[in-house]
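Structures for review follow.
The two complexes that follow have chain A in common; it is paired with chain B in the first and with chain C in the second.
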Partner chain A sequence: MNSVIKGASYVLAHTPEMVINNGTTQTTERVVNPDSEYLKELRGHLRSYEDCVNYWPNQVYIGNAHPDELAKVEFPYYDKPKADSERYGKYGEIMPEAEFILLAQACDMFEVIELDKEFVAAHKDAFAADPVITEDIVAKVVEGVELSEVEHFVNDEHAEGLYFEGKLVGCVKRAHDIDSNLSAHVMHENIMSKASSVLALLYAVRNTGIDKEDVEYVIDCAEEACGDMNQRGGGNFAKAAAEVAGLMKATGSDSRGFCAGPAHALIEAAALVKSGAYKCVAVTAGGCTAKLGMNGKDHVKKGLPILEDCLAGFCVIIAENDGVSPEINLDILGRHTVGTGSAPQNVIGSLVADPLERVDMKITDIDKFSPEMQNPDITKPAGAGDVPLANYKMIAALAVKRGEIDKAAMKTFPEEHGLTGWAPTQGHIPSGVPYIGFAREDILEGKIRNAMIIGKGSLFLGRMTNLFDGVSFVIQANTGAEDNSGVSEEEVKGLIAKAMKDFAASMMAE
Partner chain B sequence: MAILKDKKVVIIGDRDGVPGPAIEECVKTAGGDVIFSSTECFV
Partner chain C sequence: MDLENQKRVKEFAEQYGAENVVVVVGAAEGEAAGLAAETVTAGDPTFAGPLTGVQLGLTTYHVCEPELKKEFDEAVYDEQVGMMEMVLDVDDIVDEMSSIRDEYCKYL
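Up next, the complex of A and B:
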């Protein structure tokens, strides 16, 4: 039997100070053009926590509104705050920066994070009040040190500063004197990814109602690498995050594939559960500090706020078929192979049309497609266009070419089979997976029958190959009941009718 | 497509649009000389 989507979580951490200090657009600018207007103007374009919470796409991400509701909001979204917005949503939350820094320290197992003790004292109660933060996690936050000690590490020991509201409140120290793989920069990036993954895991357990001990395997599918100079990508963020989240019965491993990582990992998880190797697998990913403010120059130039001010995380729980939850159909897997080529037609063909053709389905038999779900509020002002819409146009064009829809129907295809993008541009985060939580509910409510999740990866960014990558899979309504019943009443009637017909035909012949 | 004949061409493709190698094939067919081609990810 197919494995099922037991539930999902989606979390954000509002980290405006990390935009300034850790986003690569900004760190690069400080090296190349330290006196630039952009750097001078940047702080004035940062959003307050309240503005970040009230932002429509963020409310959709954590589950307080459906993407269909976002589609009705007049574009652009940044100047139209959502009424009744909340920090907490049914899928997760938007954590403020101060609390997230404390969570990061709870995720630090090697005492590389030092926090100012006044900062810790000021925010520890708020951190402890978070509904998913357990006492054992709060207990991992240490009392803190004098600010002068933090300043010493930042000024003299190559530590990365941690800031809150423009002030130094802590630092991430290097974990080795000369190994660049354990530098303060790398440790900062990895701990923040781990912390956002932990938050996603905690919400996934809460949202699905399973016990923490039910999770047997965790797959991390983010885009960071951890290790030392002898094994730079040694990895296992998965087990490291599971430890903090308290998943004591879980082991795990990492799966990587740039933005396609989550789609690969979900297929692997579905196969692991279907094979019986593990009963319950959590696919998780934390966010990426490097991508904070990635399109900031264009946003500032056009007078917009910095919209890429959140680290994001997600987690999907895949479990044995419960006869109710939507399932992953492993018979319909799209795959961009080494030989597929890079022409858009070949790419969409391999990911969308080919897997459907193998099971005699048409493109229009899929109710919703979830490809790259980037928020167009972020990408359009930066000149990258509306990415989900571009994908839907390509899928529609292929459907026309295959004679499955008329050319005139191309216009309505994105609305009927697509979604408006809402996910932050955090690489792997928007890649197909943001819809899984909603897809589960839409299928259970009978709003749609199925959905195709498409992940695409830019392998050429690693300079190991010029190849592109992508995989896809289909989530469908649960068929467990049919599987269990053997032969249905309808089928028995059909068989009897056929036998009678054959008998009559043979009598006539005689 | 004579506009590209014997011209030197720099190609920047888009991961979510038309990738570099696909543009490259078209340019070659039109008689252009590709001196640089890459695909970028803008998201």
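Up next, the complex of A and C:
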């Protein structure tokens, strides 16, 4: 039987100070152009927490509005706050920076985070009031130290500062004196990824209504690497996050594939469950501090706020077929292989047309496609266009080339088979997966029959290969818990008819 | 333009002579194509990469521009670029690329 999508979570942490101190666009600028106008103007373009919460795409991300509603909002979105916005949504929440720093400390197992004790005292109650933050997690937050001690680590010991509202409130120390893989910078990046993954795991358990002990395996599919100088990327963010989230019966491992990572991981999870190896698998990913403010220069130049001010996380729970939840159909897998080639035509062909053709389906048989779901509010001012729309145009053009639709239908294809992008540009985060939560509901409500999730990855970034990458899979309505591995009555009839025909043909030949 | 790509373009120009290099751009937007063209002609407009302040003036075309399209075998072009040609705003790309070429190209 196919495994099912039991539920999903989507979380954000508003981290404007990390935009300034940890986003690579900004850290690079400080090296190359320390006196630049951009760095001077940057702080004035940071959004308040309220503005971040009231931002339409963020409300869609955490599940307080459907992407179809966003499609009706006049573009651009940044100057049109959503009325009745809330911190909490049905999929997750938008955590304020102070509370997120406390969560980061709760995720620190090696005492590398030191916080100012006044800061801890001021925000601990708010942190404890979060509905998914359990007492055992709150208990991991230590009382804190004098600010002078934090200053000492930042000024004399190469620690990365942690800031709140422009003030130093803590630091991430290096975890080794000379190992660059355990430097303060790397520890900061990894702990923030882990913390956002923990938050996603906690919401996924809540949203699906399963017990924490039901989760047997966790796959982390973010883009960070943890390990020391002898095993850079040795890993297991998955198990580390599962520990803090309290998934005591779970083991896990990390799976990587740049932006395509989540789609790869979900196929692996669906296969693990279908095979019977594990009954319940959580696919999780935290956010990426390096990508904060990635397009900040263009946003500031055009007078926009810094829109990439949130770390994002997501988690999807894959479980045994319950006869109700939508399934992942492993018979329809798109795969960009080593031999596929990197022209967009080959890429879209291998991910969209080929897997459908193998099961006699057309492109138009898929109700919704979820490719790269980047928020166009972020990408358009940066000259990268509307990424989801570009994907839909490519899929439509392919359908025209294959004679499945008329050229005139290319215009309406994006609206009929597509979605408006809402996901933060955190690499792996927008890659296909943001729609899974909504897809599950849309299928259960009968709004759509199926959806194709497409993950694509740019492998050249690692300088190991120039190959492109991508995989895709289809989510479909539950087939009523019938045994998909067996042969249906119709198929048996077909087989008998074919055998009789062949027999008759061989008789005639004789 | 990616800093590493800027470095490679600069090295190719030094190795083969700027007059012998043509930079083929594949960006999906006119603005992005124009930025890449500007980088290899007038220098990096973001002041971040190795081409900052370096006016190479290289010849540059987008793969969808007619001058470049006619250089290809038709079947290969259709297989590799045909779909994208249907999708892209080719007129906008041609406008952006031509204005950069007219202003900064040294070898046309």
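Basically, the second predicted complex is superposed on the first by the 480 of 510 C-alpha atoms of A that agree within 3 Å, B and C clash if a C-alpha of one lies under 4 Å from a C-alpha of the other, contacts with A are read in each partner's own complex, and residues count from 1 in each chain.
Everything that follows uses one rule, which is that a contact is a pair of C-beta atoms (placed from the backbone, for glycine too) under 8 Å apart; a residue touches a chain by one contact, two chains touch by 3 or more.
Please read these numbers as outputs of a predicted model, since none were measured by experiment.
Asks: Look at A:Arg206 in the shared chain and tell me whether it touches chain B only, chain C only, both, or neither; answer first, second, both or neither.
Replies: neither
Asks: Which holds for A:Met410: it touches chain B only (first), chain C only (second), both, or neither?
Replies: So A:Met410 only meets chain C here.
Asks: Looking at A:Ala343, would you say it contacts chain B, chain C, both, or neither? Reply first, second, both or neither.
Replies: both
Asks: Tell me which partner A:Ala390 touches in the superposition: chain B (first), chain C (second), both or neither.
Replies: Both partners, chain B and chain C.
Asks: Return first, second, both or neither, reflecting whether A:Gln374 touches chain B, chain C, both chains, or no partner chain.
Replies: Touch status of A:Gln374: first partner only.
Asks: For A:Val400, using the defined touch cut-off, is the partner it touches chain B, chain C, both, or neither? Pick first, second, both or neither.
Replies: second
Asks: State whether A:Lys117 touches chain B only (first), chain C only (second), both chains, or neither.
Replies: Neither partner.
Asks: Classify the contacts of A:Lys279 with the two partner chains as first (chain B alone), second (chain C alone), both, or neither.
Replies: neither
Asks: Considering only the contact definition stated at the top, list the common interface residues of chain A for chain B and chain C.
Replies: Correct list for chain A: 343-344, 383-385, 390.
Asks: Could you list, by residue number, the parts of chain C that touch chain A in their complex?
Replies: Counting only chain C, the residues touching chain A are 28-29, 31-32, 35, 46-48, 79-84, 86-87.
Asks: State the interface residues of chain A toward chain B in the complex, per the touch definition above.
Replies: So the residues of chain A touching chain B come out as 259, 341-344, 347, 372, 374, 379, 382-385, 387, 390-391, 425, 427, 430, 456, 458, 460-461, 466, 468.
Asks: Considering only the defined contacts, which chain A positions touch chain C in the complex?
Replies: Residues of chain A touching chain C: 28-29, 32-33, 36, 297, 343-346, 348, 383-385, 390, 393-394, 397-398, 400-401, 407, 410.
Asks: Taking the complex as given, what residues does chain B use to touch chain A?
Replies: 14-22, 25, 38-39, 41-43
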